[in-house]
Structure formats: C-alpha cells, structure tokens
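In this document, chain identifiers A, B, C, D and E correspond to the written order of the chains, with residue numbering beginning at 1 in each.
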Amino acid sequence: MLIGLLNIDWGVITIMLPLAGGIACVLWPAMSKPAGLISVTGVVLAIAGLGWRIMENGTYRHAVGGWGAPLGIDLFADGLSLVMLIMTALVGLGISFYAKRFFSPCDAVRFWPIWLLLLAALNALFLSADIFNLYVALEMTGLAAVALTALTGRIDALGGAMRYLLATLLGSLAYLLGVVLLYHDAGSVDIATLAQRIEPNAAVWTALGLMSAGLALKTALFPLSFWLPPAHASAPAPVSALLSALVIKASFYILLRLWLELFGAFAEGVSMLLGLLGAAAILWGSLQALRQTRIKLLVAYSTVAQIGYLFLIYPLALVSNGMAASMAAYLAFSHALAKSAMFLAAGNLMQFGGHDRIADLDRAVQRLPLTVAAFALAGVSIMGLPPSSGFVGKWLLLDAAMSQGRWDLAVVMIIGGLLAAGYIFKVLGYAFTQAEVPHDARAVPAEMEWAALLLAIGAILLGFMAPQIFALIHPDLAVNASEAGTVWTA
Amino acid sequence: MILNSLLLPGILWPLLLVCLMGFRTTRALVLPLTPWAALPALVAASLLTPGETRWHFPGLLLGSEIGLDATGQVFLLLTALLWTVSGVYARSYLRQSNRREEFYFFFLLSMTGNFILIVTQDLFGFYFGFSLMSFAAYGLIIHDRSAAALRAGRVYIILTVIAELMLFAALVVAAGISGATTFEALRAGLAVMDPADRNLVILLGVAGSGIKAGLFGLHVWLPLAHPVAPAPASAVLSGAMIKAGLLGWLQLLPLGLIALPGWGAAMILLGLTAAFYGVTVGLTQRDPKTLLAYSSISQMGVMTMAVGAGLLMPHAWPFILPAIAFYALHHGLSKGALFLGAGLAGGSDRRQQRWIWLGLWLPALALAGAPWTSGMLAKQLVKTHTLYAPAPWDVLLPLLLSVSALATTLLMARLLYLLRPAARSSTAAPVADLIAPWAALLPVIALMPWWFTAAINASEMETESVMDSLWPVLVTAAVTWIVLRLGLFRTLQPVPAGDILTLWTRAFQRFQLPPDPGSFSAGWNTLQARTMTRLTGFIMAVQEKFDQLEDYLSRWDVALLCAIILAAGSTGIGIGFIWINTR
Amino acid sequence: MDGIIFLQWAFDAVLGLGLLWLAWRALNSSDLFKAIVLFIAFGLLMALAWVRLNASDVALAEAAIGAGLTGALLLAALARLETMTDQNVSGVSAHPAHPPSPTPAGSRFSRGLLILLLSASTAGMGYAVWSLPSYSTGLSMDVAAHLDSSGVSNPVTAVLLNFRSYDTLLEMIVLLLAVLGVWSLDGLPPQPEKPPATVLETLSRFLTPVFILVAAYLLWVGADAPGGAFQAGSVLGATGVLLLLSGWRPRARLMQWPLRLALTTGAGAFILLGLLTLLLEKQLLAYPVAQAGRMILLLESLATVSIAATLAILFLSVSSGHKMKTGKEEKE
Amino acid sequence: MTNAFLYAFAGIGLFVLGLHALVVHAHVLRKILAVNVMGSGVFLVLVALARRSGEATSDPVPHAMVITGIVVAVSATALALALMLKLAGKSGEAVLPGKHND
Amino acid sequence: MDGMSGNAWLPLMVVASALLPGLIIFGLPEEKVRLRTVLNLTGAFAKIIFTGWMLWGVYHGYQYEIRVAFLPGLDLALRADSLSLLFIALSSVLWLLTTVYAIGYLEGSPHRSRFFGFFSLCVTSTSGVAMSGNLITFLVFYELLTLVTYPLVVHRGTEAARRAGQIYLTYTISGGALLLFGVIWLYSITGTLEFSPQGILYDLDTAYYPALIAIFALLIAGLGVKAALVPLHGWLPEAMVAPAPVSALLHAVAVVKAGAFGIARVVYDIYGIDFAAELGVTGPLAALAAITILYGSLRALAQDNLKRRLAFSTVSQVSYITLGVAIVGPLATIGGVVHLVHQGLMKITLFFCAGNLAETLGIHKVREMNGVGRRMPWTMAAFTLGAFGMIGVPPVAGFISKWYLGLGALESGENWVIPVLIGSSLLNAAYFLPVLHRAWFRDPPDSWPVTRDTVRDLGDKETAWALLLPPVITALLALFAGLLASAWFSPLEWVQLIAQRAFHHP
C-alpha cells in the first residue's frame, strides 16, 4: 500500500488536485476554505513526492493519454521545473494561510476556486513540455489572474484588471502566433522534438520575436511593464502576492524554457537586447519605486525592477555561463518568497492602518512587529544584502557579469541594489516613527502576520541553500565546501 | 639595600593617597595625611645609596627602568623637601579655602608625576611623570579661578601640551632611530646618530623641556602662572617642577658623550639672554611673586648656560653636572622659601612681619650669591668650569656670570624692598602653622653649602670665592641706597607679566586659520545648506521629468509600440543575421 | 481544370480580401453598433474561410461561437453600456481615438512610427510564412496512424478528446474560469428588464427544440464527421441565449445547484476520468482502446452540457448583470 | 501549391489590423474587438498552413487547436466585456484609466 | 601554520553565544526583565569563555575553522586566527560591559526586547566579521552588521532618529555596494577570496595591476564608510541620536571597527602587505588616513554636542588603525592594530560617560558640563582617563598606539606621519581639555538640565551602579592596557604576535 502510494504519479496529482479542489469549491461554496487549504497542502505534498522522484530517477516525463510526443502531450519536469513548482507550492501555501484570514466569507467563495484553478494552471504550465499546451495554461493563468485582480471591485482594481487583461491577451496571441509558426516550421509542438528539428530560419526568428515580445509583455519587462503597477497595487494583498510572486514567473519560465531548449543557441543578439531591457527595468523600476508614496505601488514597482534581474540572465548566463537554469530558478524563487512576503506585509499594514501611505505608518514597528520584520527581511533579500537569497542571486549575476567583462550590467545591478535599499528603508524608517496624526489601528490576525514572516524567513534561509538548489538543477555540478587551497583561474 | 627599596613606596605613596581620596569613605581618613605625602619620598631619597638602585619592570609600559644616580638623588631630595614643606604650608594656607581637597588632589598628582619623572630612567616613565605633573599642575595654577588665574592656566596648558608633543616627537624619533628605551641607551644612540636626525631630536627635546624649564622665548607662562597660584603651589612650581625641564635636558642630551658646539653656543646664548632678560623685566615688577617668577627665568638661564657649556665641553661634563645639580638644589630651595615667604608677607602683626622679612633675607641673599651662602657655592661651581670653555666663552662666561650675579642681587634687593613690612598689609596674621614649614626651610638653605662642600670635597667656600661673590652685594647695596634716595622706581611701569606673550598671541592671531572654530563650522554649514538647496531643486526637476516619462511610458499606445518594436527588433536581429549569412 | 483552379484562387482571394476589409471596417467604423454587426459578418465570413480550408469542425465552431455567441455577447454588452453611461456611446469613437497626448507632434510621430512598424511587421511575418516549406504534413500522419485506436473516426475529435485531450481538459477549466471571473465581478448596477421582442419570442419558441435536436445531432456525429462537443455545446448555448433574449429567465432554484453542476460537469468528468485512467492505466486520460469511443462520447456529452451552460450563463451575466448568488448571499 | 499561403497572409493581415486597432483605439469595446480579430488572424494562419499537405488530408491537429483557441477567445471576451461593463459602471466611461488611480 | 586544528565548532559557538540569546529575546514579552537579563549575561559570559578558550588555543598554535558551502566555489568560513581573536576578545569584553550598561540605561524604557535582540545580533555580526575566513564571509557579516544596527540607530523612533537612520543607511549601504563590487571584481580575477597570510595576489600577472589598484580603491571605499574615512564619515556624527549604549558599542567599537578591521584584512590577507606596497596603494591609503585623522579632530573642535564631539573624535581615532595598517612595517602594524583595542576601550569609556551625563543629569552639550566633575566624580574620572588616552598621554593606552605608530613611521621612512600624529594629539587636546576644564574647574550650575519626565531616584548616589561600573572598568582597562603594555596578557603582546605572524611568514 505504502509502496503503491509512493508510486503514484505525483506530477499529475499536482495539477489534478487543485483542479478538483477548484471544482469542489464551485460546487460547494461553503466548503471553499477547507477545500482550498486541503488542496494546497496536498499540492505541497505532491510536489515533495515529485521532487523525491526526480532526485531518485532523474527527469520526470509523463505522456498524457499514453500517446507520447509529438502526437500527444507530455508532462515533463527537470530540476528547473521542480524548483518552480516548489516555489509555487511554498509561496502558494503561505498565501493560502494568509488568505484564510484575509478574505471575508463573501470574498472567500470567490477567491478560493479561482486561486485553486490558478494554482493548477501554474503547475500545469511548469510541467508542460508542449508549447501549445503552454499557451492554454498561459491563458488559464492570465484569466484567473485577471479575475483575482478585479476581486475587490474597486475602480482602481477594475482599471488595473482591464489593462492587465488586454495586455495578457495580446501577449498570449503573440505567443500563439509564434507557436503557429514553429509548428508549421517543424511539425511539432513538443519542445524536445522541436529542439531537434529547429533551425534558425525566418519563421523561427519571427516566432522568436513574437514569443519574446508576447512573453516579455506578460512578464512586464520594462518598457512593457505599464500594466503591472496598477494591477498589482490595486489587487487584494494575497492576490498581489500571487501575481508578483508566481504569475509573472509563469511567462518568464516559458520564455526561459524556450531559450534554454530552442533559441538560446543562436539568439545571442536578442539575449543582449533582453538584458539591456532588464538593466533598464532595474533602474527604472527602482527609481519609480523610490518615488512612490504608497507601499503597494512601491512594492509593485519593485517587482518591475526585480524582473529586470531575471532578464539579465539572458545575456550573462545563457550565452556563456551555462548556469542559466539554476540562476533563473534561484532568482525567481528568491524573488517569489521575498515579494510575496512584502505584499502580504503590505496587506497587513493596510488592514492595520486602513491605508498604505508610507508616511503614515505610525510606529508600525512597535504595534505590528512581525509584519514589519517580514517586510524588512524580505526587503533585505530584495536589496540583495547578505545573508539572503537575494544576495546570492545577485552575486551569481555579478560574478557572471564580471567574468564576462560586462561592467555596465554589473554597475546597473549594484545601483539597483542601492536604490532598492533606498525604497525599502524609506518604508522601514517611517515604520519606526510616529505619524503626525496618530491613527487608530485595527488588529491583524496572527496567521496573517506569521504567513508574511515565514515567507520572508524563507527568502533569507534560501540564501543558505544555493548549493542544494543548484545540485537539483545541475546534478553534475556539485557544490561542496572546498578545501582551503582554492582554484586559480587567473 | 633595604633602605633603597623604600624608594618605590615613597614615590607611590602620594598616588595611593590620591586614589584613596577618590572614595568618600576613605577620604576623611587620608586627608590629614596629605600634607605629609612627600615625606616618605624625602626619607627614601635621603637614605638611599645612589647608583645602586636599579629596578627593571619589563611589563610596565614598554619596559620600565627605575633607579637613581647621584644627580637624581639631589633632584629627588630637593623635590621631596620642597613638596613636603609646601604641603605642610598649604595645610594652613588653605585652611579657609573650600577647594582644599581639590588642591591636595592636584598637588599629590603633580607630586607623584614629579617623583616619577625623577626616578625613572626609561623614556616612558619619564614621559609619564612629566605629563602627569604638567597636567595636574594646571589644577594648582587655576586654583583661585580668578580671571588672571584662568588666563595663566590657559597659556600654561597650551604650552604644556606643546611641550608634551615636542617631547613625544623627540623621544619617538630618537627611540625610533636608536631603538633605545632607556635614557642611557638613548644618549648613546644620539651620540652616534646622523647629525640631521640628532639635530631634530635635540631641537625638539630642548624646546619641549625648555617650555617647562622656562627657556627664553618659551618662558611666557611662568610669570603668569607662578604669581596666580597659591603660594605653596608657586613654591613647587618654581622650585621643583621647573627643574623637570632641566632634568629632561640632562636625560635627553648626549652630554658628556660628544661635543655639540652649535647647540652649546645656542643654549649659552639663550641662557644668558634669559638671565639678563629675566632680571630686567623682573626689576620692573611690583608683585613680588611675578618678580620671583622672573627671577626663576633668570636663574634657569644660568642653568641653561651651564648645560650649554656641557654641550661645548663633553670632557668637563662630569664636573659640570654636579654643579648644575647643586645649582638646581640651591635655586629650588631658595626660590621655594621666597615664594612661601612671600605668601606670609602682609600680615597685620608688625613684629611678626619684621621677623619674617628678616627671614626672607637668607634665601634672597642665597639667590644673590652672597658670601657663604649656597648661592655663592653654586655660582662658583658653575663658573669654575667655564674657564675651560673654548674661546670666546672662556673669557665671556665668567664675566657675564659675574654680571648676572650682580643683576640677581639687584633683583633680590628689589624683592626685599617690595616685601618690606610696611609695603603690604592685610587683616589676618599668618598663624604659626604657616610659618613653621617655611622657617624649617631656612636652616636647610643656610647649611646646604657646607654639607655639599663636605660631600664633594670642594674648596669653593674659600676666600677668593667669597671676595668674588661679595662685590655684587656691595654694589647692590650702594645702588639700592641711591635708588631709594632718588625714588627712581616710583614711576616705573611694570612690564606686563608674560612680556613677549603679546607678540606670540599677535603672531598666532595672524596665522590662526579661522579665528573661532565655530565660524569655520558655520561657514561649512552654510555651504552645505546652499549646496543642498541647489541639489534639491535639481532633484525635484529631475523627478518631475521622471514622472512625466513614466506617465508617457504607461500610455497604452506607447507601451504597445514598445512591444511591437521589441518583437520586430528581435526578429529583425535574426533575419538580418540570416541575410548577412546568406550573402 | 485550370479554370477551376483559377476560380478557386479568385474566390479565395476575394474571400481573403473581404475578411480584411470587413475587419478593417469593423475595427474602424464610426459607430460601435455597426462595428459589432460588421464583426459578426466577419465571423460568418471566417466560417466560410474555414470551409474553404477544409476545416468544417472549425467552421461550425466559428459560426456558433466566434460569430454567434461572441456577437451576442458584444451586442448585449453594448446595449448595457449605453444604458449605463446614459449616452450614445456608439458614436464616441468616430475616429481612431487617441488618449490625450502631450504634443500633437509626438502623437503624429508615434502614429507614423506605428504604421511603419506594422508595415514592417506585416512584411516580416509574411516573409516568414512565405519562407515555410510549401509542403508539410504536420502531424497528420501521426494522427492517421493512431486514428483507429482513438475510438472515433473524426480526426479532429480524436485530437480534441483523445490525443490532446489534456488541452481540452484545461480548456474546460478556462471556460469555468471565465464564468468564475465574471461572477466575481458581481454588483453590476440594476438593469431594467426590456420587454422581449415578440418576434424574437415566437422565433425562439419555434427554434429551441430545433436547436436542441441539432445539438444532439452534432454531438452524436462528432465521432465520425464534423461536429462534436464544442459545436454542440455552442448550439445549445445559443439556444439558451435565444431564450434569454426572448425574456426567458431560469428559475432561481435552477440557478443554484443544477447550474453549478452543469457548469462543472464537463471538467469534473474529465478529471474523474483522468484520475481513473491514472489509477488503472498509469497514464492520465489514457483510455483503453475498447472503451475509448464510449468514454469520448460520455465526455463529450457532459462537456456539451457544461459548454452550453457556460456560454449561456456568460451571456446572461453580460447582458443583464445577473448576479450569481454567492455563498454568503445565499444565506441572506 | 494550395490556397494555404493566401489565407495565411490574410491571417497575418488580420493580426496586424487587430494590433493596429488595439493600439490606436481608446474604447475598450474596440480593443476587445481588436483582440478577437487578432485571434482570428492567428487561427487563420494556423489552419491555412495546415493545408500545405494537400487538398485531401488536412492536418487535424491545428483544427483542434483552433477550436480550443476559439473557446479560449470567447471566454476571454466574456470576461473582458464583464470587466468593461463593471468599469464603465464605476467610472462612467469605457476607456482605460490612467496610470495611477490614487 | 603547523596544521594543528582545534575544535572546529568553537567559532560557531562564539557566534551562537550572541545569536541565540538575541533570537530568544525577540520573542520575549517586554516585562520579562529578569529572564532577558539572564539571557543577555549568559550569552556574554559564554562568549568570553569561548573566546578565552580560543585565545589559549591560538596562542598554542591551534587553528579553529569551520566552513560550509555557500556559493559555487565559495564557502562561508569562520576561522579564528590571532587577528580575529583580538577583535573578538575586545568585542566580547565590551559586549558584557555594554550589556550591563544597557540594562541600567534602558531600565523602564519601552521596546527593550527589540533593543536587546538587535543588540545581540549586532554582536553576532561583529563576531562574524572578526572570524571571517574569507572575503565573502566577511561581506556577509559586514552587511548584516549594517542591517542589524539600523533598528538600533532609529530605536527612539523620533523624526530625527529616522533621518539619522536614513543617512546612516545611505552611507553604509552605498559602502556595502562598493565593497560588493570590489569583491566580485576581485573574485572574477582570482577565483578565490580566502584570507591568507601573504595575500592571494602576489603571483598574479602584472597586467592585472591596474585592475587590482581599482579594486583596492573600491574595497577601501566600501570599508572606509564604516571606518569613517573622510569623506565617507558623514554618517557617524548623525548616528549619535542612538541611545548611549548603542553609540558606545556600535559606533565606537563594532561598526567603525568592522570597517577598520576589514581594511586590515584586505591589506594583510588579501593583498598582502608587501604586495600592496609594491602596488603602491598603501601610500594613498595612509595619506587618506592622515587626512581623516586631522579632519576629524578639526571638526570635533567645533562641536558643542558632546556625543557629536566624541563622534568626530572617533572619525579621527579610528583612522589611526588604518594609518597603522597602511604603513608598511611590523611596528606600524602593531601600532595600528593595537589601537583597535585601545581606541575601543577609551572611546567606549567616553561614550559611557556621555551617556551617564545625559541619563543622570540630562547633559547633552559641552557647555552644560560645568562642574559636573563634582557631581559625578567617578564618571568624570573615567572620562578624563579616556580623554587623556585619546590625546596620547601615558600611561593610558592611547600613548602606546601612538608610540608604535611613530616608531613604525620612522621604520618605514614615512616621516611625515609624525607631524600628523603630533597635530592630531594637539587637536585632541584642544577639544578634550576644555571639556575637562569645564567639568572639573567650573562651578556647577544651580540645577541640572534634566529633561526626562521621571528622574531616577538616585538619592545622593552618583548614578546607578549599572551605569557607573562599566565606564570605570573600561577606563581602568584602558589605563592598564597602557600601564602594563608589556605584560604577557596585554593587548600589545598579542598584537606583537599578530605582527610577527604577518611579517615573518615562512
């Protein structure tokens, strides 16, 4: 029995379980909350099972319907997918426990089914090895995300959601046109098959351009980030956390996957372009974040900046370093933990003070210590200060940049860190001081504080797990404590 | 040997008392002991055998050597005696003062410093003692808190700090080059050092110690500080502490090892200048204590000259050294007695005042070098060896010394005139307690030359010397008589105490960077503020542009245009690539 | 023969140009209502194109969904919009309206740039398409090879419900998500009931049974010929739309459990079947060859119900802002 | 040679027309129309190019994909319309709001 | 390195001895005073014990090292060598005293759990900085130090505190960024960041030299912020709004010393002193240090706020360490490195005393200090010792540092250093002696400017014991560090061991 349990195909479960949970929520709205929590917890366990399997047997592949690629659709997971799944599960778990107390019963019945379907979509996306299936998963993700964004029904949320929906649809269509071109060029939508058949010709290049632009739009790469701040800032806090931590990672993941498997080999020029935009994103997002007077907008702009770091991987790691997958996974994971913690903390502050004006934080540090601690710890990671995962990620990027002589990018990263420190501590500074007009404060449930704090702690602890994560993605590249005598490369 | 080992407890005893004064419970207990704090050191100094005592403390500071040679013993004796007498004197002198405890606190600290600098033979101990004494003496000088005292204190402390630093520089350079930690090694090192380095060390050393010793040009603090301090403090300042500078020279300079004619000449010149200058300015003074201070400058000039002679004639040093030591002893005790006596003068009891005045004649005559006094012996000792000096000093020095003796005598006459019983009056008569310690000093002064001649088997107390030393007294008597008859000094305006200090301050004012550090700071702040305003304006403008740009980029059409550009650009890169390849 | 080919070419060319022209008119007409009508016409023309491309399944879906339902949704939304904003919004965007821009010059510049870029993009994409090999079978060989074991003989249905049934599963979820998303936007302002047009009422009374029959037929035939769950569902959905248009409203009781069940039944069936096959065959949605046909029919039937319910409810929500009672409000 | 490329070009044209409208029109309803036209264009390319295998055996996989796509499109359209109506109900006009809503 | 290795866990224990109490304290409710005190003191004593153990071990040639994989090719390494132990020993002793002081200082004030929590984390970071076995570990702890000190700086929660906090961060984070940049650049050239006695660069190709010079500049700029090198010192006076124990431990010891210590590490163990001299970077560094020494003192002159005056004094004094490091030669090294300890002892004394004045009598300004020596003789006695130490008067420890610096300057022919030392002492005297004059020789005012709502009921006591003992003890330590400088247990002796190991490597 136990053996049988272990042999369950956990990969499929990670998709089916939240789907079933979502449908259960639709059928029995009153059961939304328990169904949701059970599903999310189940997904965590399933991903643990999947991870165990991948570590035992190497990459995971499941031919849906038994047909196998290219006729059927394959589910596929390697270390990169696994880390993304783990990221989704852990962040999702944290946000779920937060949402448990955040939403009023009326909102809860609307939130849970959509969130569970979103979770399923994300898992499906990270597990997919089929570019058309990725399109469907992407659309699922997008629609669910838009629906969640508009959840409050406030006008700013609606406007943000509208923008977001149109942007995401456009992005999907561009991606789909790319899929079309690739399919007709190579006769398959399976990534592995495509990888064997693809050659750099006009169709492939056009597909590359369309897909890059579409996915960059969905990932909100500067200057296509115009939709992100309004959407992420106006959504309810747990939703903002989901959007910033997970949803943008979905399109980023697809782009990265395409690059790793299909385009990376020949699209060096476009890599440079993406890197350039990434650098611009870092600067612009950070500067804008610095200009904000409201926490959630600040955090949203911070996301714009952090996305920039993700795109620096293209010129740095993809081209010559060979560490792209692990670095991307690590950075994405790190950002997901930190940013979700930040948004949740911002949500707490909003609930606590009834607003999110930075200048009016009014001694939050004393009255809401856990939340401020969460914000601070997450901020440490965002700033890229040690000891945190953000630091490790930035270090890796910097290392890659320096070893390739990419001074410009290194300097941008450093400046980005400084600006990040500026906007994080802008918030923290006001959290210590008393506002001119003291406000009444409402209580914040302990679960909500702890959810934010635990995610933030996760962002810190992840900083000490870089070797493990890398080992997961590059099993051949074991990172161990070196002997005192070190390698000389000079 | 056992007697020798009394030295350390003797020296540290005042320090222990200071520490005990810190605790409220023990303070009352030790206060009665404080006047006698120097007594153990005096006993130890008089009992020990010089040259035998040498202790090495490797753990202390950077390795300490403690020991005494004969010169040191003389210095210690002098110092301890003077501190004891002054201490006892102060007990009564400050009976009414509410700052008695404070006085004793600094008194003991200075005393400790003074003792330490005498008994340590290493650089660090000396420097430590020197510093301790110097800084603690500040408390004695400004004891009265009068404006004059505070001013004197300020001048004193500034010069002290400068002295400290010069000495530090001298020591560190000398030690750095020679590797020495003891003065013995240091002197030996200096003797073989590169002349340029040596000159630097000597310059710094002479100047650094010279400030304490009242070297001409650096003496300005003396006439300010000595008069304003309480009489017992003045006594030790002028009698004992001033000798620390002299001792510094003796320890630091390579005396007796090599001839340094240039330095010798310089010091002789400085000494002579001081000797005459001190008298000249002193004569114009009306305050007896100021006059005494100038007298000290003058007398220290003589000793400076002797040191200079030592630099000229290394071979004669073994003879000059005892002369200097004795001169220091003589001057210290006499000057101490005079300061203490000056503190007694002015009582309302006429009879008592007359006796005190008569008592003051002894140290005054001694300083003047009258026959059979210590002064005569001291001057003779110094003069004897100047005869062997290279030309022109062999002629000039004895002559000038004689003239200086005359000058000193005149100064003493002036002093006695100023202190004459009718000249001053105050309400309260000094009590017996106050007179006793002073009186105790007088026989010592009187007997000192005899003891010393016996000790060194000298023949200076002979008739020739007597005759030599008699004429200044006679001349002075005559001059005094004439002056008094004619009333010449009535209208004389005293040179302000500190004389050339005005020059100093004026010079400094010219070169002072900002007159007040506050204004420097204020200017800095305005500059900062102005820069900040300009910067803020600039930043605001940039921020506005930023916001506009962000609004522009957030426009739907612009953003989509960017997306199209990205797509087309990415494709274009590739297609262009293909196109190039196919060509 | 040449003449026929030429005629075909000419027809195709005209059709293509017609599509472009209609699209252009629809997107740039001065009146929104006209734009939507043109869009519906465009959809119908698209269906024709699908037929020309041998894609009857797509043609059916396009006609029902792309033109029909989407058009209905658009019209309903426009109607609501007009009542809501109390003005004739149709004429609002007579010209391609720009958001106010800082300088007209900048605007002209960006418009020029846009045209330039779009032309370049068109050329680029056209070239990319042109550069594709002129002969390619895609996956048709694979499909043909496995058609026998798929349980159906219509290759499109085979792909949809067997080879790539996983896509279809996710698609059902997308539909569900659309409903959930629309529902979560509750709180639309109240909407005065319009008296149903009598003509429409009569028409719908007459058409409803016919449509249901057509749907059943499409579903049944989907296994072998063009047709299937989506087409059937959309026809069924269109029936619902017609009924709704004619003023029919489902009873409140029907709007609760039964509706929810109807909405989820397709996806639920997929999931249950998927899990079942996972348990039995160790593979998600791997039907045993013998049962494949039946299973597909079952799935299709349930999916049809879901699709129909979804489309109808979407229309209902958009057209009348009907509030789906949520859990809490239920109790109130 | 079939009519595949002809329709594919038409599809490209539709895509670009839709894109143009999406960029230049302010009214959300027009944007929704534009997205739909773009989608149709993509579908057209997808199916048209499947015709390259010849008259008889058209590739069924793109057909299935397009059916999927059409369903996705209608779902998205419904959501977009609902959102638009809600937004118009709150703000009084069906255009995209500016960047910041505070 | 004779390869003997002791208990590898000891360095970790030293770090944990501060970390664990800190973490527990965060969770303690405000009113658990006793438990918190016990935790604090236990940690402090445990740290002293572990440190003592390691001191013994290192003296006998053992090595303590623990490392754990952190990044590809880079480990987090904690290693106790003689230099790190010097810093550790200083910080552990002063931590204990400051803890006692802080307990007294903060008695009855709010948010103590937070305060002591961050306080302990700060000590943790300092320990980590001290025991870093490579530059990456150093960087980690160095940045951590920045972060955990921020809440202490803004502890009071006033607008002034917030602004000071922003300034503090602006400087330190920027410094951290420069440091990071330098480190990563260095890493890209060398592929290693291990501290090693001769540095890790000596056999690099000369083509790298320009880059190495630039890296040096970056590293020094990064470290110089914390070490308050002019013109990167601006944060230090501002950060004085923090509570006195914070100013005392952090800004006189932990933070600024972390910077100075880092400079020492970079010069000795990354570049290697000989290589650095060959590269020609030590001269400019020494010049910069000299400028800082003089500038800090000049600015201190003009400050009326006592803590600000002390802060500028710190700016000046900490650069002695840098100066000593930058002058190539064992004697200067001794002078610089021993000043790490000496300055720490003296400056913490001064800050403690300033805190006492503020806490007991509400005195914040120099001009309010009239006659305070009479009211608080022990405090002012300690202050006086500290001040004289700063001036460089024997036998207080400062003299020893200056002496060795002077000797070192002569040894390596950098004669210009001596005037700098003299000038600095002069200025030190100029800004300390007037303070002392006021305190001891002016008449006290009729009433003290007590501003606190609730004045402590001290009776006729000078101040609370917990406030009085620490400065007196540190003053005595400073005194004996100088007086017994050559004794076997003195910091100087230990530093000579360091210098010996640094300069006479096999």
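Of note:
We adopt the following convention: a residue touches a chain if its C-beta (ideal position, glycine included) is under 8 Å from a C-beta of that chain, and two chains touch if they have at least 3 such contacts.
The structure displayed is predicted, hence computed values, not measured ones.
Of all chains in the assembly, those touching subunit A and also subunit E are B. Shared contact partners of subunit A and subunit C, listed by label, are B, D.
Note: the chain lying farthest from subunit E is C, by mean C-alpha position.
The chain with its Cα centroid farthest from the Cα centroid of subunit A is B. Centrality by C-alpha centroid: the chain sitting nearest the overall protein C-alpha mean is E. More inter-chain C-beta contacts link the pair C-D than the other of C-D and B-D.
Annotation: 27 Å between the Cα-based centres of subunit A and subunit D. Computed centre separation for the pair subunit A/subunit B is 76 angstrom, with centres defined by C-alpha atoms.
Distance from the subunit C centre to the subunit E centre is 72 Å, each centre being the mean of its Cα atoms. Centroids of subunit B and subunit E (each the mean of its C-alpha atoms) stand 36 Å apart.
In subunit D, the residues that touch at least two other chains are 15, 19, 22-24, 32, 45, 49-50, 52, 62, 65, 68, 72, 75-76, 79, 83-84, 86, 96, 99. Among all residues of subunit C, those that touch two or more other chains are 98-99, 114, 118, 121, 124-125, 127-129, 132, 136-139, 143, 163-164, 167, 171, 174, 177-178, 181, 185, 187. Contact of a single residue of subunit B with at least two other chains is seen at positions 550, 554-558, 560-561, 564, 567-568, 571-572, 575. This structure has the following touching chain pairs: A-B, A-C, A-D, A-E, B-C, B-D, B-E, C-D. By the touch criterion stated above, subunit C contacts subunit B in their complex at residues 98-99, 101-102, 110, 113-114, 117-118, 120-121, 124, 127-128. Those residues of subunit A whose C-beta lies close enough to touch subunit C in the complex are 9, 12, 16, 19-20, 22-23, 26-27, 29-30, 32, 62-67, 70-73, 75, 104-106, 108-110, 113-114, 117, 120-121, 124, 132-133, 136-137, 139-140, 143-144, 146-148, 150-151, 153, 177, 181, 183-185, 187-188, 201-203, 205-207, 209.
Those residues of subunit C lying in contact with subunit A across their complex are 124-125, 127-129, 131-132, 136-139, 142-143, 146, 162-167, 170-171, 173-174, 176-178, 180-181, 183-187, 257, 260-261, 263-264, 267-268, 271, 274-275, 278, 281-287, 326-330. Residues of subunit B that touch subunit A in their complex: 543, 546-547, 550, 553-556, 558-560, 562-564, 566-575, 577-578.
Of all residues in subunit D, those touching subunit C in their complex are 1, 3-10, 12-21, 23-27, 29-30, 32-34, 36-37, 40, 43-45, 47-55, 57-68, 70-79, 81-86, 88-89, 92-96.
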